[in-house]
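Let me begin by handing over the structure; questions about it come next.
Chain nomenclature is as follows: A, B and C, assigned in order of appearance, with residue numbering initiated at 1 for each chain independently.
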Amino acid sequence: MMNGNWMSLRSWLLLAPLLALMTFIIGWPLAKTVAVSFTDAKLLGGDVHWLGLANYQKVLAAPAFYEVVWTTIRFVLISVGAEFLLGLLAALLLDQKFHGRGIVRALMILPWALPTVVNATMWRLIYNPDFGAFNALFTQLGLIDAYRSWLGEPGSALYAICLADVWKNFPLVALIALAALQSVPRELRAAAVIDGAGPWSRFRAVILPYLIGPLTVAVVLRIIEAFKVFDIIWVMTRGGPANSTKTISILVYQQAFSFQQAGLGGSIALIMVLISALLITGYVTILRKQGELK
Amino acid sequence: MSGKFQSLIMQAIIGGGLLAGGQMIGHGALADTTINALFMSQAAYSESDVRAMTADFEKANPGIKVNAEFVPYEGLHDKTTLAQGAGSGYDVVLFDVIWPAEFAENKVLVDVTDKITPEMKKGVLPGAWTTVEYKGHRYGMPWILDTKYLFYNTEILKKAGIAHPPKTWAELEKQAEIIKNKKLVEFPIVWSWAQAEAAICDYTTLVAAYGGKFLDESGKPAFQTDGGVDALKYMVETTDKGLTNPHSKEYLEEDVRRVFSSGDAAFALNWTYMYNMANGDPKESKIVGKVGVVPAPGVAGKSEASAVNGSMGLGVTTTSKHPDDAWKYVVFMTSQDVQNKYAKLSLPIWASSYSDPAVTKGQESLVAAAKKSLGIMFPRPTTPTYQQLSTQLQQALHTALLKSASPADALQTAADAAGGGL
Amino acid sequence: MERRNPWVSFFVYACALLLALFLLAPILWMLIMSVSSTNDLTTIPLRWIPEQIDFHRYIELLTVAENSAGKAFLASMRNSLAVATMATLGALLVAIPGAWSVSRSPGRQRLALYAVVATYMLPPVALVVPIYFALSALGALNSVFSLAVVYLSILAPFTTWLLKSSFDNIPQEIELAAMIDGARLDQIWRRITLPLTGPALATGGLFAFLLAWDEFFYALLFTADQRAKTLTVAIADLAGGRVSDYGLIATAGVLAALPPVLIGFFLQKSLIAGLTTGGVKG
């Protein structure tokens, strides 16, 4: 038999490639971003000067930064909120027995599997103010009386993007919720029916305890993902009109790559990291509560 | 089940490996030099035109192969600067008239002042050279000599009883009102005002007409005064009156062309290329033969007509490993023969082409408008931080168009931020 | 089971129909656009059913001719395939030992894995500038290989996480018994562990492949031309605004969506199992 020390060393050795890789591609760049964020480094080179906290002061003093943060938060709340609601409803529906259930469940895979960029492109075509299906459909149904510029008005652009995002991502929430629903033991449900509990109290007492864990994980994951949003906005509006869809990731891209202000862009990115660190802590806390982490 | 999965993965791996291998072999078997060129996907010199020109070049220069790459205009600037870091990036890039300052300062483009022959110097229209110049040096050859013209639908104007296209912006507004009141189209004027450079081009045309300027002598913002404010006021006013298509805020040039070519607008501001596509191509247009073109209007007492310098040039990058072959390609692409051959979509940079019947035939009114417009092209500001300035301006235009601020206030905010905000 | 009231039944079917429509409609429209003529697509009121079905855009995008749009499109598809395959293989290579190690030793290794999984949630914008500088200094920008290495940072934590839970399901006693018989670790893996987790490995690999196929941000910044540009970037370029052949954009979308959608259907069952073990793909 091998001794414990060797076992432990071996398991670290097996884990080493992964850890080395992550240090190399994530740890090092992250540290480097921190360093760059205190300088006036430009993307195309040139002299670099130490600025101390100047970049951070500039960002935190700019009203534009808070607008962008608020837009990002609104995107997260609307998208994830709707995905949660729609996902839960769809899961409850698919938990019922009906003919064609398998087909509908298979259809749920479709949006999930569609690449994000394709999804964004597709919805951009649908929202086209003159020749898009959205305007045509709603006018022909008599729901709106004139063609509207869905992605061209700050009042609707963010919602339009949210709808596209929800369409793609609610099936994920639904499938997770559905799997959780189906793990509820049949006897429990039957017992509750015999007890004469109404549908709502049955849901709360019997089903909800099984749902709440997986759903929280799904929602927190979606929040973290949505907070980083870049692709869908980049393809659909690039942050316009009047910056109404400009999120933090878009702002960082613009500063670092369009304006070549690598230092300034880095400082915004790090503020974003701090915010996501809070979200991640929340996520881990939830996992811990679920007993995943001992 | 598991067997299936495994064989699927194996297929994916083998397939991927073969394809990757094929790519490498393909590269090894290429001609002596390969030049990578970056273009934009657009309609003036469309992708297939550029590919056809490139094929002609390869035929004339065995041993040089050109890979042409196309990105949308919105990605052109960033791609160029990003690839600069790549070392093995592009050899030839298409650049907008507003970038030579930045590209020269950051040493993206090779200074080709000495490579330009006296014949080239003489033959090219003087105004075209401004496209590639910064501080007295030249960083490429002008290629697309372009400005925005006023296009009009002759049929709609006739039905409205309007005999002549407008000479001033005020007159344009009046004619649009007549057309709207007669219900010939719902929104008579269409523009490209998406939050992008396209909006700045339309705005610049108006600034030129109203006698405004972007920067004062000391390089400080001046667009928040006089003509700069008047120009934005005009944009807001026509929108408020329902004369401007409200979707303009979402449009780029191609959207403008689609709307105008469908007969849904009486007036449109757009580049040269729209003329022959809207007037001559039944597959692309429902108003063939009904398109008029004149220089963009002026403002009484200030200007007779207006135009923005929307030209683009071809340059060689400093990272190119084959700068001589790359330059050869640039010279070929900008040569008079090539440009005359494709003059239906983009007018040549060469002065003598404009009296060549082969070039002017069938587009006499466009050439007539060009003769006037190209002489008065108004530049956008020349500054290494143009991208920031433009972004601030785009924001200001949208803020004012959406009534979140008055034109003067919106522009003032942009001027304040131009010093270095986010 | 309780007997269902006909009204409830009706309600369930109505909802199911609505859901199916909501899921299908956008994709159907994209399919229709891809086979409609430009004139049909730019008519107001919109013509929902094309006058004639026209596949020329598919032919255009799938035909290789020197310096053609089809060549560029197929090159990007090939790049996506190469990047995703390499990144997936690389991810499995580091994930298998890593996941096994964590699964079999519940100590600090597990915490290390949580740290790794947490990095998966970092916004790429916080890493992208230094990676760009580094690749630039190495002359490694615009290469499928570098892109695959960068993708490893996304795929590896996630595959490790998935594999760990399937290794957890193998009873340790089997491995221990083999070990007592004197088998070496590599023998145990080859004969016992990997065959038992075969389906999970395949699923994890395909998930990783989908993640890589979907990636856009790094590809946008680190690739420049046909030598490395991936499908997502090619499509974003196509949809960028200056080209108004809406049908062509839709066609490219359909073609790019085909492989992941097929994989998705194929994976249906294991997908749901995978989702519940840790929430896959955002």
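Basically, contacts are C-beta pairs under 8 Å (C-beta built on N, C-alpha and C of every residue); 3 or more make two chains touch, one makes a residue touch a chain.
This one's a predicted model, so the numbers in the text were calculated from it and none came from an experiment.
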{"item": "Chain A to chain C, fewest steps along touching chains", "value": "1"}
{"item": "Reference chain A; chain at largest CA-centroid distance", "value": "B"}
{"item": "Chain A and chain C: spacing of chain centres that average the CA atoms, whole Å", "value": "16"}
{"item": "Interchain centroid distance [CA atoms averaged], chain A/chain B, Å", "value": "36"}
{"item": "Interface hub residues of chain C, defined as touching at least two other chains", "value": "42, 44, 132-133, 221, 238"}
{"item": "Residue list for chain B, restricted to those that touch at least two other chains", "value": "74, 82, 85, 194, 196, 255, 258, 262, 264"}
{"item": "Numbers and ranges of chain A residues touching at least 2 other chains", "value": "43, 130-131, 257"}
{"item": "Interface residues, chain A side, partner chain C - complex", "value": "1, 7-8, 10-12, 14-15, 17-19, 21-22, 25-30, 32-33, 36, 43, 90, 93, 96-98, 100-101, 103-118, 120-126, 128, 130-131, 133, 136, 139-140, 167, 169, 171-172, 175-176, 178-180, 193, 214, 217-218, 221-222, 224-228, 230-231, 234-235, 248-249, 252-253, 256-257, 262, 265-266, 269-270, 272-273, 276, 279-280, 283-284, 293-294"}
{"item": "Chain C residues touching chain B - in the complex, by the definition given at the top", "value": "38-39, 42, 44, 66-69, 72, 78, 81-82, 84-86, 89, 132-133, 135-136, 139, 141-142, 144, 198-199, 201-203, 205-206, 209, 221, 224-227, 229, 237-238, 240-244, 266"}
{"item": "Chain C-facing residues of chain B, complex", "value": "1-2, 5-6, 8-9, 12-13, 15-17, 19-20, 23, 36, 38, 40-43, 47-48, 51, 54-55, 66-75, 79, 82-83, 85-90, 194, 196, 252-255, 257-258, 262, 264, 283-284"}
{"item": "Contacting residues of chain C [partner chain A, same complex]", "value": "1-2, 9, 12-13, 15-16, 19-20, 22-24, 26-27, 29-30, 33, 41-46, 48, 93-95, 97-98, 100-102, 104-107, 109-110, 112-114, 116, 118-119, 121-134, 149-150, 152-153, 156-157, 160, 180, 185, 210, 213-214, 216-217, 220-221, 231-232, 235-236, 238-239, 246, 249-250, 253, 256-257, 260-261, 263-265, 267-268, 271-273, 275-276, 278-282"}
{"item": "Chain B to chain A touching residues, read off their complex", "value": "74, 77-78, 81-82, 84-85, 106-108, 194-196, 246-247, 249-251, 255, 258-259, 262, 264, 385, 387-388, 391, 394-395, 398-399, 401-402, 404, 417, 420-422"}
